[in-house]
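Consider the two complexes below, in which subunit A is the common component and subunit B and subunit C are the respective partners.
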Partner chain A sequence: MEWRLLPLRIDDAFTSMAIDEALLKLNAEGKSQNTIRFWRWLPSTVSLGWFQSVEREVDLGVAKKYGVDVVRRITGGGAVFHDYDGELTYSVVCKQSDVPTDIIESYKFICGGLVCGFEQLGVKAEFKPVNDVQVNGRKISGSAQTRRWGSVLQHGTILISPNVRQMFELLRVSPEKISDKFIASVFERVTTVEREIGRKPSFEKVREAMKAGVEDSLGIKLVEGEITDEELELATELKSKYASDEWLRKR
Partner chain B sequence: MVGAGEVPEGLYYSREHEWVKIEGKLARVGVTDYAQSKLGDVVYVELPEVGKQVKQAAEPKGKEMEIGAVESIKAVSAAYSPLSGTVKEVNPSLQERPELINTSPYNEGWICVLEPSALEVELKQLMDAKGYTDYVKKLE
Partner chain C sequence: MKFAEFKAPKGVIKVELELTDDKISRIMLSGDFFMYPEDAIEKLEQSLNGVKADRDSLLAAVQRFYSSTGAQTPMIEPEHWVEAILRAVGG
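Right after this comes the complex of A and B.
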């Protein structure tokens, strides 16, 4: 089976969320093929889970100070800080019938590609239910999913070398907690590609490794392709929703 | 979890794991015990708007078949309507207590009440308790 692989893109959060939803919608309508893409957030962004409260999760003052955008996803899960310099993000869009029905099994199926990709980079990782990829019990990738209109969107992080201190300033962790001791404890629970292999690979190199990993693990062929005009047009339409205050403050 | 969980007699069931309870001219709708066990802990429910016209779920799925969405710790999943019709009432308790989907899928965790537009024809598309139990067995 062939899936499309899109070129590495760098976009603002609102564009990226709109592209993911456009791919999901058009895939459900049979107008877009199964697709995987790797991309980056510019500027760095805090993304919120679909139902989370913005006030409770993000310090908007700190976000403004650092020039960090804040966006609500259509997928579930928690608040995540996406560092432009430290994270490669992936999105998978496919028919629901092309992944296991059971949600955890479907995470395992898709994350299996990441595990294989990390291995290509020299990092021995494993899938950890519900939706993490870990190295020796430390999270190196987290994913979120939505199932709408008969298709699945799963996107998630690939931590290369994120700024952990900034992450905890942005997410509502009380200031007294952001001590060196707290940061140290975070490093017990989170890891990065840089930390595991002792150097920071290029984003393109990580993408290549993940491409090979996904092909091996999912048993599919990834064919490099471009985003279509129809997809871009729908994404442009959807972008205003993600950029709106109404959507951000939905809960 | 093994098997289909609780599958009460007298209800109708859809392939998308929704149940229907006929109440006179109206139909009460929710998700099955099997579905809630697969979803895991529900943390948020987006209810459909009262007055929304929905269509019975079929392939390919579309937005017009959705009666809201359910977020669990695992994912945000659409709920698909087992019948065509108009949403007459939604379950306000789910706003504050989304976990009712898990704890009481067939009673307190109902999602909405529909006024069906083609009940007789569409009921034939649904399964009875035995049919649904067999259907789930095949999925496992």
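Right after this comes the complex of A and C.
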């Protein structure tokens, strides 16, 4: 089975969220093929899960100070700091019938591609239910999935070399916790490609590794293709929702 | 306004609520959990409104929510919502 692989894109958070939703909607309508894309966040962004309260999770003052955007995702899960220089993000959109019905099994299916991709980079990782990929118990990738209209969107992080200290300034962790000791404890729970292999690979190299991993693990062929005008037009329409205060402060 | 959070095996449930005559008169659930479909969270909140804030009544309301909507919340059980709500009630 052939899926489309889109070129690496760099967009602001609102555009990226809108593209993901547009791909999901048009896939469900039979107008977009199953698609995988890798992309980056410019500027760096804090994304919130669908169910999270913005006031309780993010320090909007600190976000403003650093010029970091804040966006609510279409998917559940936790708040994530997406560092422009330190993370490659992926999105998978496909028919629900192309992944296992069981939610955890479907995460495992898609994350299997990442596990295989990490292996290509020399990192021995494994799927950790519900939605993480870990190396020796440390998280290197976190994913979030939604299912709408008969299709699935799963997107998630591939941590290459994020700024962990900035992450904890932005996310609401009590200030006294942001000590060196606390940062050290985070390093016990989170890891990065750079840390595991001792150097920082290029984003393009990581993308190539993940592409190969996904093809092997999912048993599909990825064919490079462009985003369509129809997809971009719908994304442009949807973007204003993600940029709105109403959406951000939904909870 | 009462607030509490409860760490379920996977995910933290945060509860804001108000009580009137021992019944929930306003409730907002938030946190880093997953629920499919997502907008079912509003139905869960609605189905808790007006419910007496004791364990049995809350559990019955949450179970009714699951059976009437078919919503799925991986690794979050009805008891976890109830525990989170009771903490807010007591806090």
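One rule holds in what follows: the second predicted complex is superposed on the first by the 251 of 251 C-alpha atoms of A that agree within 3 Å, B and C clash if a C-alpha of one lies under 4 Å from a C-alpha of the other, contacts with A are read in each partner's own complex, and residues count from 1 in each chain.
In the analysis below, contacts are C-beta pairs under 8 Å (C-beta built on N, C-alpha and C of every residue); 3 or more make two chains touch, one makes a residue touch a chain.
Owing to the predicted nature of the structure, the values given are computational and were not obtained by experimental measurement.
With the two structures aligned on subunit A, subunit B clashes with subunit C. Legend: residue contacts after superposition of the two complexes on their common chain; A:A144 is shown touching both subunit B and subunit C. In the superposition on chain A, A:A79 makes contact with subunit C only, not with subunit B. By the touch criterion stated above, A:V130 is placed in contact with subunit B and with subunit C alike. Judged by the touch definition given at the top, the superposed model places A:F51 against both subunit B and subunit C.
In the overlay built on the shared chain, the residue A:I104 is in contact with subunit B and with subunit C. Judged by the touch definition given at the top, the superposed model places A:F187 against neither subunit B nor subunit C. Common to the subunit B and subunit C interfaces on subunit A are residues 49-51, 74-76, 103-104, 130-131, 144-148.
Interface of subunit A with subunit C (complex): residues 49-53, 56, 74-79, 103-104, 129-131, 144-148, 251. Put simply, subunit C touches subunit A in their complex at residues 10-11, 14, 28-38, 41, 72, 74-75. The touching residues of subunit A, when paired with subunit B in their complex, are 28-30, 49-51, 74-76, 101-104, 107, 130-131, 144-150. Contacts from subunit B toward subunit A in the complex involve residues 38-40, 43-44, 59-63, 66, 69, 71-78, 139.
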